[in-house]
Amino acid sequence: MSNMNKEKNLSTSQNIENRAIPAHTIGEVFVDKPRMTARNVDVYYDDKCAIQDVTIDIGAQQVISFIGPSGCGKSTFLRCLNRMNDTIDTCRISGEIKIDNDNIYDPNIDVVSLRARVGMVFQKPNPFPKTIYDNIAYGPRIHGLANNKSELDDIVEHSLERAGLWNEVKDRLDKPGTGLSGGQQQRLCIARAIAVSPEVILMDEPCSALDPIATAKVEELIYELRNQYTIVIVTHSMQQAARVSDRTAYFHLGKLVEVGETKEIFINPKHELTQDYITGRFG
Amino acid sequence: MSNMNKEKNLSTSQNIENRAIPAHTIGEVFVDKPRMTARNVDVYYDDKCAIQDVTIDIGAQQVISFIGPSGCGKSTFLRCLNRMNDTIDTCRISGEIKIDNDNIYDPNIDVVSLRARVGMVFQKPNPFPKTIYDNIAYGPRIHGLANNKSELDDIVEHSLERAGLWNEVKDRLDKPGTGLSGGQQQRLCIARAIAVSPEVILMDEPCSALDPIATAKVEELIYELRNQYTIVIVTHSMQQAARVSDRTAYFHLGKLVEVGETKEIFINPKHELTQDYITGRFG
Amino acid sequence: MNSTQDAHFDHISQQFNVELDDIRTQLMNMGGMIEQQLQDAMQSLKKGDSSSAYAAIKMDDDINKLEMSINDQCARIIARRQPAASDLRFIIAISKAITDLERTGDEIKRVAANIIKLVEEGATEISASEIRNIAKSVSGMISDSLTAFARYDVELAYAVVKRDEEVDEEYKTAMRALVTRMMEEPRSIATSMNVIWILRSLERVGDHAQNIAQHLVYLVKGIDVSHATAEEMQATIDK
Amino acid sequence: MNSTQDAHFDHISQQFNVELDDIRTQLMNMGGMIEQQLQDAMQSLKKGDSSSAYAAIKMDDDINKLEMSINDQCARIIARRQPAASDLRFIIAISKAITDLERTGDEIKRVAANIIKLVEEGATEISASEIRNIAKSVSGMISDSLTAFARYDVELAYAVVKRDEEVDEEYKTAMRALVTRMMEEPRSIATSMNVIWILRSLERVGDHAQNIAQHLVYLVKGIDVSHATAEEMQATIDK
Amino acid sequence: MSISSLALYVLVIGMMYFYVGQRTSLEQRANGDVRLHSLPHYYGLWTGLLSALPAFILLVIFAVGDDIVFAQMVKQYYPAAVLEQDVAQQTIAFARVMNVVDGIRFGNPEQWVLDAGAAWITWQATSEMLMSVIVLAVALGGGLIGYRQIAPDFRSRNGVERIILWGLVASSTVAILTTVGIVLSVLFESIRFFQLIPPQDFILGLEWNPQFEGAERAGSGNGEATYGMLPMFVGTLLISTVALTVAVPVGLFSAIYLAEYATPRVRSVVKPLLEILAGVPTVVYGFFAALTVAPFVRSAGEAIGLEVASESALAAGLVMGVMIIPFISSLSDDVINAVPQSLRDAAYGLGSTKSETVRQVVLPAALPGIVAAVILAVSRAIGETMIVVMAAGLAANLSFNPLDAVTTVTSQIVTILVGDQEFESAKTLSAFALALMLIIITLALNFFALQIVKKYREQYD
Amino acid sequence: MTDSRGRLSPQEAAKRVAATLGRRGSSEKRFRYLGVAAISTALMFLVLLFSGILSNGLPGMFQHYVTLEVYLDKERMDPQGDMSAASLYAGDSGKIVNESVLKALGEPKGRMAKKAARSIMSSASDQRLAQFAVANPELIGQTVPVKFALDDDIDSFMRGFISRETPQSERRINDQVITYVDRLNEAGLISYEISDYLFFGSASRNAEIAGIKGALIGSILTLAVCLVIAFPLGVATAVYLEEIAPKNRFTEIIEININNLAAVPSVVFGIMGLAIFIVAFGMPRSIPLVGGVVLALMTLPTIIISSRAAIRAVPPSIRDAALGIGASRMQTIFHHVIPLAMPGMLTGTIIGMAQALGETAPLLMIGMVAFIVDVPTGVVEPATALPVQIFMWADFAERMFIQKTSAAIIVLLAFLITMNAAAIVLRKKLERRW
């Protein structure tokens, strides 16, 4: 696959350079149809290097999961993908991250519109303390996505439907979103992210605050959503990564160590570190 | 097994009554050498029934895990075992819970001495903001377990050793316990519980705040400790229950539905609800 | 609890349902291929035309591939889904069953090879009826064991096990007849050996079908009956 | 990555290490029993005394039990430990290997049964050297395949696979000799048939040893070579 | 146009621009398939703000600035004699001019005064004219600029947000300005004071006798004025000590009881009751102290044969103690509650009794917070004015006896500065010097407390 | 004893634990009693304070009046004859009142007697009659009953503070007066009623007619100024510091400043007000505008600190959520953070205002302690404030001022309690839990 890409793009020197995989990364770094591409990304907090030379493609309409020991930089890298790290003063990033060929760190890119394209779902379900309807409608409203009330209604309904929540909440759209159960709240948050029609949805440990049943439902939803969205998920649960993702990337001490098909990674990882982590062999 | 017990104890009518297993419970409720026994325990919060007619033996020198969907009453039942529920005003309990034949709700039992016999480890590691040494020494000190400093030193050293933490902290016993990593903190809390020589250690989701590597270490510790202590662990992770426990009890809507050897429960559960929960078939 | 057929298809994770269903379908396909293969081999014997026997040999490749693919999927499910309880037994039973099916395929391949020899020697008449009888029996066993799998039908599985005893009897009778024949007609020894190999392979097919039926019992009842006698198995089923 | 032998014994969970080690030990035990069983059977043949052959037959029970026990442990590990990567392949490879070992046991049981017949007929001399040769070969194969398992030695596994080709040759030669003999001495057909069954079973034992070697390659390399040719396998090993 | 009507006009213009801006962008959105960068109302806000904001700023500059400019300009009318005189005389001259401007006539002003007044009035008229024209022009023009910028890819939201940001920054600097104001106003006067009285005399002096009526009334002699601050600081210390002796045990144990023992019902009743104590104005405490407590203390003291001044440190301290009880109890209650429940659970789980848990786990964990609470209470006590003014008297005795009448820094400041006073006298200026010391001490205490609080926070965050 | 070094057997442990139980139980009890004692002490102080204030203040709400038949002589009441207020106030009401009281007492003779009779009446009785005439012009020329306040000494006597038993020389009213008062009392002319002077009167040195109206309005005006300045500034600062400010020196300086301001004693704010607004800017003394600004600067830290706490209490997850779907920082702040923090901000503001309402010292500094009789109508007119009024009254020696002061305190406390209650209600009602 990566070979194919290599040939296809050999024409421009830019691309050749881009194709240089860092020495510390093995596996299928590139994909056929990338939605986002990261090239030699470094992230520093002050002088502390949190992410070092990460090069990876995020395939369109796929679920990719980031796993790795605590503090290895999964969240940091994830948050770079929609510039949520901008809010941290000490955070600096170098390298190049593109979505559909737009460099997201280009000064001309408005971070607001970037975040509308790359939505985010967080660890703890965080519905706004508003009604369910307003939770979903908030994004479309600030982005001016609906020209009138009925368009907005449509967006709300469809987002909830896609998040598999419509039947559970359609009778109480005017009740507060905080009154839902944890799992429902998390699906509400996913629906809210969907409502602005993003291309990519980033999720940082979206199930770690949920019980197994709610987790199963959210996982199921994530797996279904990949037909329409590109999804990046950070998870502490290797099993979860195994269940929901098409591809898996293993981070270690700020480096991307291995990336590949989830099946491969979990049955036949290539890198010793990956193998050790997955089989529970850390010191 | 239960049969043997039945015969042995048939003499007293009390015991015969005790042996009546509630209709909603199946599996190996009784064990050969019980350390704690619960008979027909009901727990109410105000008028809300949180635990209904639970009868179960907790075997000596075993790990038993409680699993079940959120809100099924696992924690409630666990906290009944050392009367931590006393602190909740609305909580009422009926039925009988014994440790080594002492009824723990007997008015003559001092809850202080009960809790010295039945220790507890909590979800989030909660070391006191004191030195590592003082964390461990706290229990022995208040209970007057050591007659002099060197006895206390011994207790501290051995508790830490048994918790597999001695080598990691022996050079910094005078550093604050809060400075340890999450997993180390949780092992510190276990060491602290051990230090008062309890017979039983209760643990309520002891790994849910830890990352996979720390979790593996704590699980390993739990499994090893069962040689000397009786351990009851509530966990949300079925896999964890499968890994660490000798027996597993499945709770559902406040009822104990099934209890038995962990292997049996996870390969060949008898009750449909257990089966459904374990295989991810709810809702 | 007793698993029921549908029990595998109501997980919260639809994808898991699909994966399990997929495996089951492939198992059935594999079974279908085996039956086809056996039929092809027998066809050759009947028609005295080796072409369908060659097809049967060729089919073994596909069966092998299918086995590898199912094996792979089982590994994947274990790695990705952490199956427990009935799901785990399902995976284990399937993975054992396909091993048996694959071996069945190998045996039938041998049957086909020997039939080809018979055809080439024009000796298709020798013991044709015995062969056909046994082939019919074991074909039925295979088919029944897979039906049992499809329906979680332990009674049917037990029937398969019982039937294997009959096949063994038939086999022994046919064997004795053949040895007698060889003694009487030493010229036919080479040919008879072919028939012997055929019968022997078919008998093994029956054994494999029996194994599959036993795997089903494990799947449904959670008890390993692979080395149990028919009575012990009956006791397990009745539990 | 390539798994190494020790890779299975440095989990954070000591218990997991113990469990895996246990299984491996039991696999080795089972292999030892098989070797013993084969030796016993051969002993009978050599001494013309059926008692050790009876012991070999009886041993099959123990082997069956051991197989069930290991199977059970594998299921338990899958249910309790959610093995992944090399651990998962380890469990899968073991569980396939014991199936093969168990079948090997069945075959040797058949060998023993036939040797008893030979002993009873006092015909232990017929083809004894061929039998002994092949038995020696397959015994070596079994032993080598298990050694390979113990050492994660894919080269040795490859050697086992190669060796099976030789055994097959020997077997064919012996077979041809036997058929010739039967034709020449129709009286000896019944006895020869016993020898044929013995050879045939031994040949199957070799096949099983080969399978075990292939499972090891899967375990170490993560690639299923069960239906691969020796060359394909060599390519896999060199990867 | 008057300033207020001008402001109204600017407002109206701004609002008009808002609507126009919003409409335009709405239309652009409706009839093109272009995507606007921002929501329509941001375009409206942008034009509106661009119109109104500069205009308002100009308006304020004019309104405040003109008098200052005129005051400089008017000097050219002053006769040379006046210009040579000192500041006070110039001020008088200026006041006379202003009288003319306001149309008030005392006696017969000189001609130059009348001229200056007339000039001032014309300047005023011109400036008003100018202001109206310029402000309105800016309002209209600014809006127009904003309006012309309206385009789909114009980032109006970013613009508006930048304006808001600067507004917020400006607001947050008020605190700095206030501090600067305080420091400068106190510092300058203090420097003047120290020019009159050497600092060492002030800081180390043992006698305070600034010669004012209050001091006489308090009977502290009629000798030469002396400005030694120590008696007041000792007094402050004495009263604060008494106050803390009352407040710390009562407040702390109340907090412990409320946080750890009280049932929710008791807590819900008692806590607000205690907080009432904090809400009572200090003047009320002062009244209470003077009216009830001081006589009580005195008669109680006399009953056991002690000499008690009618306005004793003890009485004031007691009442002040009562006043700061809720400070200590509320703040301590907060920090005790902030100790995570998990720590209590840990202790109970090991078999601690409640008091063991409180004493050995909760209190040590909360200690820094409690110390900070006490320090804050101390600084509050030191800064407290009214109770002392009303109940502790004004006698600047250097005494450590709580039964004596003493005075404190704050009460002296008040006494000195209430009513009219000449700003040049050492007496008046001494108040500023006292205030400087007061600020330094309370700030030091506060700084100390905050350091502790910060450290404490880090422990749990 | 130990099965291995460092581990007691559970049995041994249990035994040792049991040995400690008695001692620990009693120590537990002691500790608990200390807490109860502390709370009782604090509550006792509260009771003392309030009972003291109430026992003095409630009577202070009332005062004694005497109702006299007054002949409203048109000539004397209305010298200019145009019935204008000016004319009526200029009239000779004093004489008419005197005549009425003499008449009520049966026309006593003699200078001393007349003086005694006059001393019964409040010295502001003439004003009251004039007011009455202004309010009821139609009654001029008739004889009507009119209610007048008694002099404060008489009032004290009626309340029993001045005893008949005290020798005449040692009490403030002589026997003659007492006889007259008794006579009026027997005639049923003296009544004890809610004091209208307290609520509608202005500052006065005459205790019986002193009132808090001016001070109250002064307080309200001051607070209005304070609120208008402090609330927006406080909220804006809090928002800036919590949500926007980067961690740099500038922010640090602001934060330190705010914390320092919170610690600065209130009297220092007064000094600053005096030095800057009055001396440097030349603004008039005693006006609510300056008072309001000074109090605003003083309450600013309170508002900022509580607003910051309220903002901080908005969980970061809400901000993440908004940012994550593409809201800008300002949108996040204005759509989510501020609305959610508003209850807390308002609560803080109300509490700050309550502080400001009760604050005295800084107002003393800027001259709001002046004796101002007129009721202020704007923020640039001289005014005083309620607590300052209380402070002044507390200094007056007259017995009746004690009660008036207490009554004024009750009014002030009533305001404060209302405000605090409003804050509590607000917090309860709008408080959210995440």
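Per-chain residue numbering starts at 1, and chain names A, B, C, D, E and F are given in the order in which the chains are listed.
Please note the rule applied: a residue touches a chain if its C-beta (ideal position, glycine included) is under 8 Å from a C-beta of that chain, and two chains touch if they have at least 3 such contacts.
None of the values given here were measured: they were computed from a predicted structure.
Within the contact network of the assembly, the step distance from subunit C to subunit F comes to 2.
Among the remaining chains, those touching subunit A as well as subunit C are B, D. When chain pairs are compared by contacting C-beta pairs, E-F ranks highest. In a homomeric contact, the two copies may use the same or different surfaces; for subunit A and subunit B, over half of the interface residue numbers are shared, pointing to the same surface. Look at the CA centroids: the one farthest from the centroid of subunit D belongs to F.
Distance between chain centres (mean CA atoms), subunit A to subunit E: 50 Å. Work out the mean CA point of subunit A and of subunit B, and you get 38 Å between them. Multi-chain contact residues of subunit C (touching two or more other chains): 11-13, 75, 79, 82-85, 88-89. For subunit E, residues that reach two or more other chains under the stated contact definition are 157-158, 351, 353, 356. Within subunit F, residues 17, 24, 328 each touch two or more of the remaining chains. The full set of touching chain pairs reads A-B, A-C, A-D, A-E, A-F, B-C, B-D, B-E, B-F, C-D, E-F.
On the side of subunit A, the complex with subunit B involves touching residues 69-70, 211-214, 216-217, 236-239, 280, 282. Note for the complex: subunit F touches subunit B at residues 2, 4-10, 12-14, 16-21, 24.
Residue ranges on subunit C touching subunit A, taken from their complex, read 11-15, 75-76, 79-82.
Taken together, the subunit A residues at the contact with subunit F in this complex read 82, 84, 87, 89, 112-116, 119-122, 124, 126-129, 138-139, 142-143, 178, 189, 192-193, 195-196.
Subunit E makes touch with subunit F in their complex at residues 157-158, 160-161, 164-165, 167-169, 171-176, 178-179, 181-182, 185-186, 188-189, 249-254, 256-258, 261, 270, 272-277, 279-288, 290-292, 322, 325-326, 329, 351, 353-356, 358-359, 376, 379, 382-386, 389-390, 410, 413-414, 417-419, 423, 431-432, 435, 438-439, 442-443, 445-447, 450.
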